[in-house]
Amino acid sequence: MNAFSLGREATPAELQAWNIDVRPDFKGLPPGSGTVERGNTIWDSTCASCHGTFGESNEVFTPIVGGTTDEDIKTGHVASLLSPAQPVRTTFMKVDTISTMWDFIYRAMPWNKPKSLKPDDVYAVLAYLLNLAEIVPEDYTLSDKNIAEVQARMPNRNGMVFWKGMWDVNGKPDTHNTACMKDCMPDVKVASSLPAYARNSNGDLATQMRIVGPVRGADTLKPAPT
Amino acid sequence: MNAFSLGREATPAELQAWNIDVRPDFKGLPPGSGTVERGNTIWDSTCASCHGTFGESNEVFTPIVGGTTDEDIKTGHVASLLSPAQPVRTTFMKVDTISTMWDFIYRAMPWNKPKSLKPDDVYAVLAYLLNLAEIVPEDYTLSDKNIAEVQARMPNRNGMVFWKGMWDVNGKPDTHNTACMKDCMPDVKVASSLPAYARNSNGDLATQMRIVGPVRGADTLKPAPT
Amino acid sequence: AATPAAGAAAQAAQGDPMILQPRPWSTMLGHPVAFHPYGVPSKYEANLQRRQSPGLTQTAQASVAFAPLQGFFGIITPNGLHFERHHQGWVDIDPDQHRFMINGMVKEPKVYTMDDLMRMPSVSRIHFIECGANTGMEWGNAAVPTVQYTHGMLSCCEYTGVPLKVLLDDCGADLKNGKYVLAEGNDGSSTTRTISMEAALDDVMVAWAMNGEMLRPENGYPLRLVVPGVQGVSWVKWLRRIKVGDQPWNAMNETSAYVDLMPDGMLRQYTSIQECKSVITSPSGGQMLMGKGYYNVSGLAWSGRGKIKQVDVSFDGGRNWRTARLETPILDKCLTRFNIDWVWDGSPAILQSRAMDSTGFVQPRYGQLHAVRGTRSTYHNNAIQSWQVADTGEVFNVHVE
Amino acid sequence: AATPAAGAAAQAAQGDPMILQPRPWSTMLGHPVAFHPYGVPSKYEANLQRRQSPGLTQTAQASVAFAPLQGFFGIITPNGLHFERHHQGWVDIDPDQHRFMINGMVKEPKVYTMDDLMRMPSVSRIHFIECGANTGMEWGNAAVPTVQYTHGMLSCCEYTGVPLKVLLDDCGADLKNGKYVLAEGNDGSSTTRTISMEAALDDVMVAWAMNGEMLRPENGYPLRLVVPGVQGVSWVKWLRRIKVGDQPWNAMNETSAYVDLMPDGMLRQYTSIQECKSVITSPSGGQMLMGKGYYNVSGLAWSGRGKIKQVDVSFDGGRNWRTARLETPILDKCLTRFNIDWVWDGSPAILQSRAMDSTGFVQPRYGQLHAVRGTRSTYHNNAIQSWQVADTGEVFNVHVE
């Protein structure tokens, strides 16, 4: 320890300033509280411009709330994740731990002024989002005391698996191709081709390739030659 | 041959245009001739601005002519190369083959308008330089016919050795240090130190080093701290 | 005298004006040295740029700029063309003001300056970095036209930094109970990711340099984590803190993003390793071959689990395969460049590459990946890429199951 | 209430304002992706530039810009900081107008376009390039203050190109009588150098790429010769022609320059191989150590004859030596980065590094080099470099015999 005499001990104030991470077991969660109502005020003034008034939708960002049901709150597994009809995957459809949201909003939101919220603001705005997601009632006050209750109602709390196969460098893969060299497939089927409209969807490809070499960029302002 | 069907045969005109190299055995030397007198005219108009009127010296470039003697012309080895008193090493002190100069002037000079000289111009200007170097008389006409005679008078024609040791990747080195690890020298003598004036000769070193890291650049606008 | 047209024809017969008429650059005095104290590419290379994929993200700060793999050579990514992926935009940190903290399950929580860190014993190693979302737009079907957009969240640099293990030792980390470390950034997002202690003690680096110079601001100047073999989001940029703990943190980028949606509706978390993958970069989508004949088909292969052992290439959509030449060096968790001869006879063809790594794992076909993980996933698509060459010479992105 | 000064003191006791007061970059939204479609270094890195050495050359076009080795990491040289050495300035050639010819002792003299060459089977390899005149100012005595000027005509890149052997075969070169090849440039100087056929058939490349992108104009865009292990002047830039012959050409740069003046007045010609050499880059001349204590001493070693086998470092001017750690990869005719621990006790010291290559050759001391080659030579100075650390922490260039 301290083999190099480089660096120095962190002070308590420094630790307090930077040690902001909150874990699923709520280690790191600062005390405090906030009501849905106050959260609504913060949301409308500070978040809605990007995320929409009800956090459900707007033209720009993937919604935070939506796609979960009372049934999900019981099972802890969001059923709409199975449905190709579900248009988007909202935050509440996926996130399994409420700590994640507290931690993230505190460190990163509002996006254009991160780290400007006080802990009480985070409790409030999170209470508001939880109410929108129908996880807590309208008159709820979220706090460090009752957050574990909320956790027990997170719609996708049972929807995650820690996948060791791709966590460990020596983990077990789930696909099993072989290095076949000859006559490997009876016949080759093209399952999907670039749609014609997508040929020029990323701009004129002639201007995205080198002007010398083995190839040129296709002039995608014109239809493909035949 | 032509395994790839890439590229194509060079035409005679193309070979003529680019195959300009001249070897010591005069392979590649185009026919032509030029007098010292005509060379003098070309030199004064086209070369002197950089190399000086007599090719011997000016303020900018290392002289082409100088440092050679009649004795050198006899021995073919420039004696002044041995003398620390000789201020500079001119081209004629070093170059052993006249072909080298013909080849170089034709391809690269005048510096600001290379490849603008015709073969006859090169013969002429080279005749002028040879006269300055006292290798040919004032009334000399240099040509592809008599250039071999000139070669026989090049002052340093015997002054070169083709050094195999550093030509072949497996050549024999001429220094022989060993990987001694302990008590390798009785005492360490500093043979030479950076002169004090040179500490700032390349500019303020504080502005030439990174602003973070294990070190900083020395502030060489001030004297070295003691 | 001949007419101008006849003159041009006669000259054509004589040879190429590019040879017969001296070019300006061989008859002039060029530019001085240090004309550019820090040099830039030739103006003729301007087509090779980092680019966004229109419509992919809703903002340009929580977004991606793809690297133009179609124009790369060898394995080193030039720093100016390294792919970009930010969560809250990139920042240009004053390195003198930057601090790095280690806390959590350590005997002594510590603060280091860049001066401190850069005095420590450093290592230099070449590794690939690939975003977990690379090839994500392609999970379901062929969606984007060129390899820049299908595979361009991939780069490879020589990194220099201090092994994280050295720093953990310096703080007296509790290696018995501390099974995870958290890495945190110093940008607006202060992105966090959980790293396995196994990796932290193996080859993770706290790095300040890429390809011989300091990190670029877009890539985390002055400090980033390098987590070889693991998806890019874990290579936390503008790194300000490492915390040792006994549980994973379940950060937003471990729950809402970078999770793999399986056909049964479960989300796989902590799918960090970038499994063995390869792609042909030349010829590739959106390019036109310059006629029939010989081509050197070239591409990249990599694995987050070790070295590349073999790359095979098919020209008939996966029916038959030939083994490609591998360029050296072949390094751990590093890009490997492969090349293979091909004579194009002018008829349609489907080109594929298939990499095998030092564990014996073989890159899957789309059919194999879809069979296990379905078609609605976003991350970790390492399926074999197919490029269909039309008889016109144009190359198209297609999927073969 | 406390006075402002007392407030500052209280705060200092609490901790570092760099941590206690949120920095702008962690409380703002950063720049968008592709803000720089081709990126540049941080503004805080501006001190690291290519620089001329005042008074060394009479013009800036027949001159040198030295690479800032004091700021480099690992072995890869960022292209923007590659050293420059031109004879008649650098030119920006239109690659579409560039032609490459092979003639001389070949069955069929041929002309290739860049399109032709870039279709051919290519290889990618990492090699160092060192100017034969590197460290030339130091032959007689310590002359320049920093490693940028003593050793900065040194760089290392991953090159991609077609092996010259492939092209010689393609033209039916006469390998029985053709013992030499001439390489010629397409700039104003059209520089020529004679290359041995042995090298031409071994590892010489006709290269178009460096570090993943096309060559920079300063380094020969669009085509240069890569002659691994051989001095830079032979790596002809803006390459337009290769000619096969049975005699060396004795070009100007083989007679007037790049010849080694020996004590007997003879000039050694064709001294091409860059023999085994090394230098400590950190700490190095003109730098100030930041106080006593631990330092990671770091440097570069290379050999034109093979791989680096061992690097030893002395802290007492060459009396005693310790073996340094070598970073991987360790490649043929390539830079190798070495690192070694050092605890500076604050007293004067002389730092040296000494490399040994795979042939067993050991880099010479100045005394040994002077004993054979005298003090009036210009090229191929591969002597052991000494850096003297004063008790002030300032590092000075000195020579130890």
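To keep things simple, chains are lettered A, B, C and D as they appear, and every chain counts its residues starting from 1.
The criterion applied here is as follows: contacts are C-beta pairs under 8 Å (C-beta built on N, C-alpha and C of every residue); 3 or more make two chains touch, one makes a residue touch a chain.
These numbers come from a predicted model, not from an experiment.
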item: Graph separation of chain A and chain C (steps between touching chains); value: 1
item: Of A-D and B-D, whichever chain pair has more C-beta contact pairs; value: B-D
item: Chain centre separation (chain A, chain D; CA means) in Å; value: 46
item: Euclidean distance of C-alpha centroids - chain C vs chain D, Å; value: 26
item: Mean-CA-position distance for chain B and chain A (Å); value: 66
item: Distance from chain D to chain B - Cα centre to Cα centre, in angstrom; value: 22
item: Numbers and ranges of chain D residues touching at least 2 other chains; value: 16, 19, 26-29, 44-45, 48-49, 51, 59, 61, 71, 88, 95-96, 101, 111, 113, 115, 119-120, 188, 190, 214, 222, 240, 290, 293-296
item: Chain A, residues touching no fewer than two other chains; value: 3-4, 6, 10, 14, 18, 111, 114-115, 210-214
item: Chain contact topology (line, ring, star, complete or other); value: other
item: Listing of all chain pairs that touch each other, if any do; value: A-C, A-D, B-C, B-D, C-D
item: Touching residues (chain side chain C, partner chain D) in the complex; value: 16, 18-19, 23, 25-45, 48-52, 59-61, 63-65, 71-82, 84-86, 88-99, 101, 111, 115, 119-126, 157-160, 186-188, 190, 208-209, 211-214, 216-218, 221-222, 238, 240, 290, 293-296, 298, 325, 327-329, 331, 337, 339, 341
item: Residues of chain C defined as touching chain B within the complex; value: 13-16, 19-20, 22, 26-29, 95-96, 113-115, 118-119, 214, 222, 293-294
item: Residues of chain B defined as touching chain D within the complex; value: 1-4, 6-10, 14-15, 18-21, 23-25, 60-62, 77-79, 81-82, 84, 89, 91, 94-97, 99-101, 103-104, 107-108, 111, 114-115, 156, 159-163, 165-171, 173-185, 188-195, 198-203, 205, 207-218, 220, 224-226
item: Chain B residues touching chain C - in the complex, by the definition given at the top; value: 3-6, 10-11, 13-14, 17-18, 111-116, 210-214
